[in-house]
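Residue numbering begins at 1 within each chain, and the chains themselves are lettered A, B, C and D in the order written.
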Amino acid sequence: MKLRNSVLGLLGLLLAGPAVVRGQTGNVVHYTTTIDNVKYLFATVEPVARLKSGDILDTNTLDCFGNALKKPGDTPGMSKGDNPLAGPFFVEGAEPGDTLAVKILDLQVDGDTGVGALSPGFGAINATNYTPMLHSPLPERVWFYPIDRAANVAIFKALDSDFSVKIPMHPFFGCIGVAPVNGEARSSIVPAEFGGNLDSPEASVGNTVYFPVNVRGGLFYIGDGHAAMGDGEIAGTAIEVPLKARVQLSVIKGRTIAWPQFENDNAIMTVGAYRPLDDAVRIAFTELVHWIHKDYGMSELDAYELLSKVGRVHLNEMVDPNYVVVASIEKKYLPAKKK
Amino acid sequence: MKLRNSVLGLLGLLLAGPAVVRGQTGNVVHYTTTIDNVKYLFATVEPVARLKSGDILDTNTLDCFGNALKKPGDTPGMSKGDNPLAGPFFVEGAEPGDTLAVKILDLQVDGDTGVGALSPGFGAINATNYTPMLHSPLPERVWFYPIDRAANVAIFKALDSDFSVKIPMHPFFGCIGVAPVNGEARSSIVPAEFGGNLDSPEASVGNTVYFPVNVRGGLFYIGDGHAAMGDGEIAGTAIEVPLKARVQLSVIKGRTIAWPQFENDNAIMTVGAYRPLDDAVRIAFTELVHWIHKDYGMSELDAYELLSKVGRVHLNEMVDPNYVVVASIEKKYLPAKKK
Amino acid sequence: MKLRNSVLGLLGLLLAGPAVVRGQTGNVVHYTTTIDNVKYLFATVEPVARLKSGDILDTNTLDCFGNALKKPGDTPGMSKGDNPLAGPFFVEGAEPGDTLAVKILDLQVDGDTGVGALSPGFGAINATNYTPMLHSPLPERVWFYPIDRAANVAIFKALDSDFSVKIPMHPFFGCIGVAPVNGEARSSIVPAEFGGNLDSPEASVGNTVYFPVNVRGGLFYIGDGHAAMGDGEIAGTAIEVPLKARVQLSVIKGRTIAWPQFENDNAIMTVGAYRPLDDAVRIAFTELVHWIHKDYGMSELDAYELLSKVGRVHLNEMVDPNYVVVASIEKKYLPAKKK
Amino acid sequence: MKLRNSVLGLLGLLLAGPAVVRGQTGNVVHYTTTIDNVKYLFATVEPVARLKSGDILDTNTLDCFGNALKKPGDTPGMSKGDNPLAGPFFVEGAEPGDTLAVKILDLQVDGDTGVGALSPGFGAINATNYTPMLHSPLPERVWFYPIDRAANVAIFKALDSDFSVKIPMHPFFGCIGVAPVNGEARSSIVPAEFGGNLDSPEASVGNTVYFPVNVRGGLFYIGDGHAAMGDGEIAGTAIEVPLKARVQLSVIKGRTIAWPQFENDNAIMTVGAYRPLDDAVRIAFTELVHWIHKDYGMSELDAYELLSKVGRVHLNEMVDPNYVVVASIEKKYLPAKKK
C-alpha cells in the first residue's frame, strides 16, 4: 500500500501542509507539492515542513516544466520556470558539518505522459550559452512520451518519421540537494557540491544519497523527475515526468563530506560536478580514493591502483551549468569496512 | 582447438614469418610477435604480413612493457618502449576511403602474471606532462597480478596492507589501429582517428571494430593487452598482459568513416578521442547521430532526442595523450537498417 | 582634492552611512566601508546607499582578507571571509533589462603594505578543490609588499633568497559586479555573468564597465583591490590592497547585455567567465562579434575575420571557480558607430 | 643590405639548392623554397641543406595555401596541402638532449597580397572536427589583403559592406619547429613539444626560439608566414603571406628542454601547446617556474608568487589541433642569471 493514498495523505493534500504519521521506521510526513509552493532555488529559506531524523517524507514533484506542457504545440516557454522544487524540508538535529542521508524508498511516475524538448542554447552537441558559437540555433522541438505504467515503459515517437519504440522506465530525481554553503542561493538548473540538478540516475529506489549539511536543518529539496535518461542527457532533457515519492531522511552526526555520495548494498559512489568533464572525473575519483582510504583502510595508492582496475564512471549529464559524473566501486572489491 | 597450436602455427613461429592456412571463413595467417619485431609507432612502414579481405590473423602480443617486468623490484624503466605493437598487417584491396572491419574472434591471456604500475607523470589524478603541477611526483609503484586462467580471474594484492581480491578477467586490446592519414606517424601511446591506444574494453571478443583506411592495405596494428581495466584507467595501467589473439580482417569498399566504430549484435558504438573529455564526448555523439541518420534513416534531431533518452557513454581512459570515450545505442531502439 | 578627504566625506565616515554632495557631473555619495558592514555575497539584499543615475560613488574597500594580515606570521586563516564587498549600492531607475555603466574615476591604494599568499587548494599549477589530485598540498606562504606611493611601486621580497624587486602599481578592483539574475546569491570569490570576482585589470581608472541589470536598482558591489597582478593570477593572489575609490554609476535604459563589457576611448572589450578557458574565450569572442555587428554594422562573418587579424585576448585569472578572459578590439579598426 | 640580394644568394636561387657564404657571424646558407620541394610533415627525413652551428639560413617560405589563392573566387581547396614547409635543415653537432637556438634576423613579406579564409570545420567559435556540433557549417569565405610594404600595412576589406581598414604588419612564422621525438611524424597543422604550427607572433625578428633536439641534426622546418594575426587566430587564419627570411641556427650543447621557449633582451618566454587551454597555460607556467628556478636561482614558490604578480600570458591560437599560449616574464623582474 502506498502511503500517498492513505487518508492522512489526502488530508495533507487538502491542507497543503505537512502531516505526520508515526510508524516503526520513522514517522511519515506528507507534503503536497503544487505549482504554488515550489521553489526555483537551492537556498536557505523558510522550510515547508520539519522532519525528525529517520522520518519518511511522502511527497510529489512536478516535472521540469511545472507540468505545463500537455499536448502537441505546447512549448517550454509556457513553463513558469525550470525545475520547480519541492521543499525545503528541515531535518531536526542536522548541523553544518554533519551529513544528511536520503534513502529513496519509492518513486512512481505521476502522470500518463512524459516530455522531451530540444531548446535553443541547451544541449551537448549544439551551441549553448556557455559554449557559444556563431551558428544559428537548432530549432525548438517537443516530443511527448505516452507512459504505460503496467508495462513500465515510455514510448518514443519520432517527429520526422513514423518510427516508435518502447523505453523501459527507471524513475529518478533529476534535482536532489540541500541549501548551499556560505549563504549561496543557486538556480535549480545547477548541480554542485550541494547536489542540485545532478541528473543522476543513481538517485533512484534502493540507493541512499549523502549530502553535506551546510545550514541548520540541512534544507532538503527534490524535483525534476525523470522516467528514463540516456548518459549525458545530451539533448538537454530526459523523459520528464511528475513523480510520487517516499524518501527517508536521516542525520549522520559528525560525518563531514565535501561532495554528494551514493551508496547501496553493492557499491559506494562519489559525485563530481564541474567543467570540463576532466575536472568532474578528477573530483569524483579523488573523493572515492579518500572514502576507500578512510572507511575501508586501504592506502591511497593501493586504492588508486585498484580503481584503475575495477572502478566505474557514469556520465550523468553534460548539459547543465556544471557537468556531472558518478565514480563507483563495488563493495565486493573492498576490504571489510572499518569499525 | 586453437589454430595457434596447429602444426602450421608452430611452423610460422619457427620461421618468425607469416604462414597461411586456407579455410572456409577466410584463410588463417599466423604471425609470431617477439620483442625483436615489434613497432612503437602507428605509421606507414613495410608490412610484416599480407592478408586477403576475410582472412583471419592468428597472432600474439606482448604486454605494454614488452614483457619486461617479471618479479618484485622490476620497474617500468626496464621496458624497451611502451606499448610494443604487432604489425603492421597489410589487407589486400584496402584503399583510402574504405573501412577496415576487424572482428575479434578469440583472445587469451598469454601468461601467468599481469602487471600494474604507477609511473610519475602519468595518471588521471596526479600531475602529468600535459596537466603539470608544482607538486613532487607520486612515487613509482608496481603491482603484480597472479592469473588463474581456469577461474578467469586476476588477483589484486595490496602493497600497503595484506588485502587481496579476485578480479574477473575481460581480455581486450589496449592498442588497435591502422596507419594514420597524411603520412603521420604516432606513438603507440596515442589514441586518435586511426584508433591506436584506445584502451577500449569494447575491443574484445564478439565485437567488430571499424577503422578508416588511410593508406593502401590499411596497415593494421595490435598490442597492449589488458586482462581487466577500470573506467578511465585512472592510475595509468590496466592489468597488463600478453595476449594470444585471432581476429578477422575485412575490407568494406566505399564506406568512409572519420573515427573508429564498434558494433556487435546488440549495439552500435562510436569512438571519440580528444581533450578535454567534453570534446571526446561531442565527437562520439555527433558520429553516432550521423550513423543513425545515415544507416537507420532517422532524422538527426529525432536521433539526438532518442540518444538523450537511451544513449550510453563509456569512459575508456583519461590518462593517454588523448582521452577516449565510446558512445552507444542498443539496436533494439533503432528502426530497421536501411538497405 | 580628493572628495574622500572633504568635510562631508569625514561626516560620512563618522555616520558610517551615505552622504550626498551635489555637483556638476552628478552628485557625490560618500560611503565608508568597514569590516562591520561588508558583504560576502553578490546577492539581492537591502542596499547600503541609493544613488541617482550619473551620481559618483566615493568609497573605500578592504583587501581580500578584510585587512587582517598585517605582519609576518599572520595567515589567511585570520580573515573573517574572502573578498569582503562594499555595497550593495542601489541606482535609481535601473530595471531588469537595462545596463549599468560604471565609470572608474579614481583609485588609490589605501595602505602601506600589500599582501600575497599561497593557500593550499588554490592556484593554477597546484591541486585545487576543482582540479584535485592525490599530491600533498603546497605549503601556505605569505608575502608582504611594502608600497611606495610616491614612486607608484610595490616591492616584491623573495622569502627563500634575499632578492627584491619593484613592481609598478596599476590599481584595480578584483571584485566588481551586481546582484545576479533569478534570485541567485553567489560567493564573492565567483566571477560570472553578473561580474563578481572578475580579477580584471581592466577594472581600472579610465575604463567604463557595463553590467546587466538583473534586479531593481542593479545593486552594485565592489571590493578586492589589487595594486598589481600578473595574467592568470596564477598563485591565487595579486598584490592585495585596500583601495579608496570614486566611480560614476549610470543607467543605460533599454540596452540589454548578457555578460559584462568594458569600454574606453580606444577599445571595446567583452568578458567571458567560465571553465574550461576554451569556453571563456568562446563567450568573450561571440559577445564581441555580436557587439561589433550590432553597434558598428559589420556583418558577423566580417567581424569574425577582422578579429582573427586584430583581436586581443587578456587572460585575467585562472584560479577562481570560473576562469576569466577579456577579448577586445581597438576602435581604430572599426567603422563609425551606428547612430 | 640584405644577403638575400647578394650575388651568391641569386646563385643559390638559380640552383634551387643550398649555397654557402662564409662571414663573420656564421656562414650564410641560401636555400630556395618552391612548391616542388616543400614538406607537409614535421618528421625525420632527408635534409635539404646542412648548416654548421652559428650559420645563417637565408630562405623563403610559401604561404599556408602554397601561394595558390591569387584572386577573388580562388578557394582553399585549390591548395595542394596546408602549411607547406621549407626544410628540413640539418644543423651539425645537434644531438638528442641538446637545444637548438633559432635567432630570427630578418623577415620580409614576399608578395603584394595576403589571404584570410573561413573554412568549414576550422575556427574558435564555429563547430570543428574536434568540437563538432549538429549545426550546418558556416560558409566558406576568402578575404584578400592588399599589402603596402612601404607603409608596412595590410588592408582589410569587408566582404559584406564597403568598409576597409589598415592593419600594421608584424611578420612572423606560423610554423617553426624540428623533427619530433621517438620517430613521430606530425602534420604541419599541429603545434606540440617540437614546435610546429605554433602560430606564435613571438616567432618574429629580434626573438630567439629554442627547441628540444630530438634527432641528430635537429631537422629544422619553417613556413606559414603571417603578416599580422589577432590573439587566438580565431577564424582560423592570420593574414597569410609568403616570407623571405634570415635566421641563425645554433646548437646549445647539453641544455635539455621539454617545450619550445622564446627569449629576447627583455624577457624569457615559455610555450604551452595542448587542449584544453587550461592545460596549455599550466604547461607554459610550470616551464617558466622551472626556468626561473634553474637559471635565475629563485625558489619555485618565490617564482610562482612573482609570476602571479608580473607574469604575462599570450594566447597565440585556439584553432589548431592543440591550442598554444606563451607565458613570459620581463627580465627586469628577475635576479641576475646564474653563471
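Heads up, the rule we're going with is that contacts are C-beta pairs under 8 Å (C-beta built on N, C-alpha and C of every residue); 3 or more make two chains touch, one makes a residue touch a chain.
All of these numbers come straight from a predicted model, not from anything done at the bench.
Visitor: Measuring between Cα centroids, what's the chain most distant from chain C?
Guide: Taking each chain's C-alpha mean as its centre, the farthest from chain C is B.
Visitor: Distance between chain B and chain C based on Cα centroids, please, to the nearest Å.
Guide: 50
Visitor: How many angstrom lie between the CA centroids of chain B and chain D, rounded to a whole number?
Guide: Roughly 35 Å separates the two chain centres.
Visitor: Can you list the chain C residues in contact with two or more other chains?
Guide: Residues 125, 131-134, 138, 275-276, 278, 282, 286, 289, 301, 304.
Visitor: What graph shape do the protein chains here make by touch: line, ring, star, complete or other?
Guide: Here the contact pattern is complete, since every chain touches every other one.
Visitor: Taking the complex as given, what residues does chain B use to touch chain A?
Guide: These residues of chain B touch chain A: 116, 118, 123-125, 138-139, 141, 143, 156, 158-161, 163, 165, 167, 228-239, 275-278, 281-282, 285-286, 289, 297-299, 301-302, 304-313, 315, 318, 323, 325, 327, 332-335.
Visitor: Enumerate the contact residues on chain D facing chain A in the complex.
Guide: For chain D paired with chain A, touching residues are 125-127, 131-136, 138, 276, 278.
Visitor: Under the definition above, what is the set of chain B residues touching chain D in their complex?
Guide: 40-41, 43, 129-134, 182-187, 258, 274-276, 278-279, 282-283, 286-287, 289, 300-301, 304
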